[in-house]
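Chain naming follows the written order as A, B, C, D, E, F, G and H, and within any one chain the residues start at number 1.
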């Protein structure tokens, strides 16, 4: 239910076309969609046409299908499903053939209206080639949320000239997402080269004393560069969501 | 050396008033001030009148004094000294009586020009009364960096009505900094109430299985609310610096 | 051996109908059933008709079968088998076709007498849809232990209105079990809304710096809300057992 | 503001004796007392005459004094201040000479009305003599909250006969709080001996691989005895608060 | 090469029957058997007829086969292979059909001479049924090393009467090995009941905050009972080896 | 109460010289001495003249004094007080001038009867000079418990010849206690050189990634040498107690 | 592009045979090869004929193939692919049949020119047989990088004579790489026996409190022997790369 | 005892001037100096005039004095005392007035012969000003060990131009020691800029999720730059010792 529908309802109440009781039940519904196993938040649409988001990991397939169905019936928003395996995609595709699968990013998008696109750019930067899946989760998310997205991959600090020869690309961005595993030092160097907010995503790429991304996470949290904030390990989605908020201020 | 001085120098080169060699040495100097024990970065002033920043913890008193002196001689920027004990303040005060001490925030400010202030507001929110020192580090920093700052203290989630009755205050902010120790759940709840970027600062307030702020840090990194990014434990300065960057985009 | 049988035995001793020696061997047996690989505790039945409980994870299939057989022969109590895979269920079903499988909860119940049900309600609340398996372990356990059980799922704090619009449901409960992964903040908010004991169950749902449920566990242990106690990660059974004890005081 | 005052106010509104506007401001006040650095929750008194609680660690002395003053002015409830050093006690005593210091428990009580006492007993049990400070925090708290409290100290499992010869004392309790450091095994053994809820408090007593109470905490969380829930390391207050809730159901 | 062979060789040198050079090469060989990928220690046989031991985990199958072959050729000692999967057993069986597989203990024994058996007893005690595989690794090892071994399984502290009714069994042992996962409290209680050395083996049985056996390990290391020493998580072999040394002093 | 007194009492019952009721109260007392804050275990004396032991860390001074007084009154055993600061010694000395302070070991001994000494030797070995305080805690304890004790200090593995040239000293011992911090490798090397049980004591000596003794602890638990068991970090007392039990089998 | 090609290009610019603009684009290319998903660093060849290196873990198969193709086209250097599964080898073999698979080391080498070999020796030493895969990663890498490599396997400290009888082998090496899991004490002992730099590689071999190699890592970092530096767990490649640098100084 | 004295002794044996027995006792002494609490290793002098080294932390003052005295009597080597507080220096100065105190480095040097100096340079680089104490421990150690030492301080990666404008200084070094706290990214960037071995020293500088240097340590261990090895947190001495070995190959 978007702003228009809400206004219509209130006008109908005003005009006496609908009973107060009925309107109340509708408004109650407005709060969230009740499925028993899930309570779907519809507040978001009252804002800027943000898509509905489903985090798929750990959810039963029938639950995911039920949530998607409910969303399709309620409004015409796009739907963004993250951490979606091939199996999850298949289950969603059974519900709607508008579902598209971004395999490397493990994202399913049900695109039902065009993305609004700001011109200000979010740049997604990775330390290595292995960080690309997380970076793509961020990039696809940022695109679905309506941002122009740039990609600058494999510019890790151990070959610093690869990064430095792209300084201009860095400086043209409005918000930068740095994605790096192992020692995760990329965020600090990028943070020192630009005047824009940097969101750092540690990845679980690495082995041994990497401890599942802990090394990159601690590195980024302890950065001596100012202007860097951090999200959870491998959380490309979260970085893009925050970046998009900032990009659209 | 600010933009004006830089232009002057280049013009003098153009007019043949100074030798190329001399100009080079000046430009070299531009890169950073060399003190042996410290290399002071002057790039920052080429930007928006940002102050010089000194992180005092772990630095020898004579080193801090030397750095401040060097800054005072080089330009007319404000100087922001964080993690400054009373002893550090005294040492700085010996160098310049313009030094002011914000005791609770452990910040020394050497104010030499007025702060430029944006109207858009950064709101600093704390879970408890014990989190105030970290919150004040953030608030003072944000003020020195030229932002309007609001404070909303002691609205932790265990008494959720204290937070909910301030929803309007939350929604009027452009960027929100949430400061919380113990379980650090404040960030998640605030993140669900607003459409603006939230920067979460875990604090070391707590005991036992708090493990020096680890519980709040992990809580914030794992937030299921979108739009939240995190900085290091007790890092009020870093949160404010990022928030200021975002607020001034 | 229940209270009645015990009294009979003692009366027979008194009347000289059984030898002291024989009675002793019977009483010895009373202590526990000896299977070599297991010593089955029968003290529990002397209490309130509590079921026998088997924790199946890590036990060999033939051991589980032997334990169930022994229990079936000893008395008429219900049997509750937790952490039971499909394979474990099959093995138990070979022993008794009264075995029923609650798949999502991974619980097998061998129901041999009706549950006694108290009217006071235990409410099981989850932060998300992915937490449902742990919540169901708690809910089924609480039902088998003879409690009225309510379910309120997917009311995580990032969309706080979903929880607040259910305040009345929360307040009608006598004991509340909160089940949440990721940042696990649900327990703190619920704890602030009610006057009843809250048992918090952290789940391993999440990724990255969740570290297998550590983030939710630490969050709950450090809750600034009073009246919250915590059980092990994913321990729905333990929470329900304690809640049932409290509910039946 | 207690139930009576609230009813009076509403009656005055009904009778037209006070303006709606004035009543609203009063009710607004009802939510919490605003001190700037603290927002004091007064909801609690609407319940069972529970005392006001101040957690003193990490709070500035002037803040603590301000909070106590505010509480003294608002109502006639008792005030319980935990984690209070001698210095904190002195500061509170300056504000009110009704303040009493329980030194071993590090608790200050400002007693202004008699405790209501239930007959059902909460028993506080410790593994060793060194655990007594935490146990006393629990015991004093439980007494102030209106419970009959028993103490059974130094019955750790390494000399199990000390515990077993007190089985009757254990079984007469309605709720048991077990307080233990080092390996923290006391909770499991007690849990196996009684049919009542057990709340386990790990303490930081120990050294080396005790890691500040981690060993006892993990031990208690992993207890194979049913009916045990756990609170934070050294959190005697929290255990007593939950125990009191359960004891008064 | 055992003591007898060594004496023979030295006598032959003395009598001039073998060249010094040849004896040297033999003695050099005595030090260890050189296989390139392994250096097999034969010093052990100079002692009490101890078996050769191979830790199989992580070793390539052809390496294990080569080591066994080498041992078979060198002397007539028994061979004990720990952490042996079914696949490893098959590989060893290809080399010698004297290989016997103890499946639950994951031990392969190549028995070539009778075990010498001391009358003094090593007792292996477990907290639960799931701990049996580790306990069997200890028990089988102790038997192969020439000890009388008793087993007392599933006497965890949550049902303390199961342990107490076996006090006599405990006190008749000369050395006790306690095997327990979860909270691992068994060691402390046993340690308080007997006057004999107790070797505690934490197991990885458990889940959640068990962290792969860490909870039991820390519990045992922090035991407040005297006379307890600890080995690595799941290290049944190591416990039995030490116990056997002690039992044969 | 020792064996003789116990026999006397029972004889008096037999002869009718004391009432059953009185004897019972005496036997009850036998279990432990009740001080309220402590329950003192007197079972130990029924064994081999073992001393009473008080772990002083974390105990209040008046509690320690009370416990010592109680012990002095009950029997004539020696008393061993570990982790005793100078302040603790002074407090004990107020109670009895028989108290002697071993400063480096932080042990107070109240010697009231001669130690019985076995000829079999316990050897205490350290990796470095800094490990001596922990080693002395072990050595003094072992002496008070009636063992012949040898000391071999500063033979860490980085200068392996210092250890190897003492092989004979190692081999003459009946039980060996190895005390080492930093990497703690001493236990593995010693374990490979001898056929006797080795008890390893990790110490907290070191810095950085030593993490308070964790590095040495993990090293010792993971030793690839057989025959090694481990006690808590810095637990010289525990190692000596176990060693003494083994030495006196 | 090697030194020769670079000189040619510059000469052509000098002679006017190529335009400055074209040369610039060539030099730009020199920086790195741009593949979108990877930026391949060609600086390395300007040095000593070092091979190109690809770390394969976590990279998509098509990305690896693309990178190898690009390298084959650019120059004639050898290519070293680490952490390569059989599947990765197959993919590379599709691109070039010069690919050779070192299965135990999980290394693929595309050998296109002879290795230059220094006479100074790098010795690779392991504690056990299970450490061989990591050791072989180091040994093969060192050979491809142009070093004479010695191997000394299974000389762990628990059988110290195996190591000591190879002292001469150790002392003849110029650089030593010690590879060990479990307690990782090998590095300390070797470090005490030689005057040459020792690079320690902890391995993840072990179980329980080994925590994936943490025990060996901490042991090596805390070594009390001088002259030891450490690389990541299982990082045979990194150790060999550093050793080669040192060996070729 | 140096090479010359050793040869003399052997010649005297050959000539019959000294008894074999006496020579043996001398050679025995050669192994190490026996002080009871310490065994001083004199092997080192047989090498290149390396100084004696004493790690002072945790050693008793009288032990340190005893060790220094012993060294002074035995030969004419320099003595290097690390981790020496002012108090330790005073104690050493009592023994010899040749002791000099490097306060920032916490090093005492007893200089008795001139350092031999190689021309090849070891460069010590720090990320910040606060890392200087650890850097000075490295620099002074390297000087005493006979190396030419360069210092490049405060060139952390957040202001990368400070490092890049010193590329030439980096490339002129033969071995580089990078000293950095917080995120410790300096090592990776330096490693990518040079072809020489880099030894990384993490420091404990930082706060919060720095966890006493853990963040920098993990960062350095996981560096994606080749040619980097790591030492313990704050271990400037160890880095310099290894660097010196490499520099003198």
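Here, contacts are C-beta pairs under 8 Å (C-beta built on N, C-alpha and C of every residue); 3 or more make two chains touch, one makes a residue touch a chain.
Chain by chain, the UniProt names read as follows: A, B, C, D, E, F, G, H = 1-(5-phosphoribosyl)-5-amino-4-imidazole-carboxylate carboxylase.
Quantities reported herein were computed from a predicted structural model and do not represent experimental measurements.
S.K.: Starting at chain B, what is the smallest number of hops through touching chains needed to reach chain F?
M.R.: Graph distance in the chain contact network comes out at 2.
S.K.: What chains touch chain E and also chain F?
M.R.: D, G
S.K.: Averaging each chain's C-alpha atoms to get its centre, pick out the one most distant from chain G.
M.R.: Computed centres place D farthest from chain G.
S.K.: Between the options B-C, A-C or E-F, which interface matches A-H on more than half of its contact pairs by residue number?
M.R.: Duplicate interface of A-H: B-C.
S.K.: Centre to centre, using CA atoms, which chain is the farthest one from chain F?
M.R.: A
S.K.: Roughly how many whole angstrom separate the Cα centroids of chain C and chain E?
M.R.: Computed value for the inter-centroid distance: 38 Å.
S.K.: Just curious, how far off is chain F from chain C if you go by their C-alpha centres, in Å?
M.R.: 43
S.K.: For chain F versus chain G, what separation do you get between their C-alpha means, in angstrom?
M.R.: Between these chains, centre-to-centre, one finds 50 Å.
S.K.: With chain centres taken as the means of their Cα atoms, state the distance from chain C to chain H in Å.
M.R.: Their C-alpha centroids are separated by 60 Å.
S.K.: Show the residues in chain B shared as contacts by 2 or more other chains, in ascending order.
M.R.: As it turns out, chain B has residues touching two or more other chains at 55, 159, 208-211, 214, 217, 221-222, 224, 226, 232-233.
S.K.: Which two-chain combinations qualify as touching?
M.R.: Result of the pairwise touch check is A-B, A-C, A-G, A-H, B-C, B-D, B-H, C-D, C-E, D-E, D-F, E-F, E-G, F-G, F-H, G-H.
S.K.: Considering the complex alone, what residue numbers of chain D touch chain E?
M.R.: By the definition above, chain D touches chain E via 127-128, 156-160, 164, 182-185, 188-189, 191-193, 206, 208-211, 214-216, 218-226.
S.K.: For the complex, which residues does chain B have touching chain A?
M.R.: 47, 53, 55, 174, 195-197, 199, 217, 221-222, 224, 226-233, 237-239, 241-242, 245-246, 249
S.K.: State the interface residues of chain B toward chain H in the complex, per the touch definition above.
M.R.: Against chain H, the touching part of chain B is residues 28, 31-32, 36-39, 41, 43, 55, 57-60, 63, 67, 83, 202, 204, 212-214, 217, 232-235.
S.K.: Which residues of chain A touch chain G in the complex?
M.R.: 104, 129-130, 132, 153-155, 159, 161-162, 165, 205, 207-211
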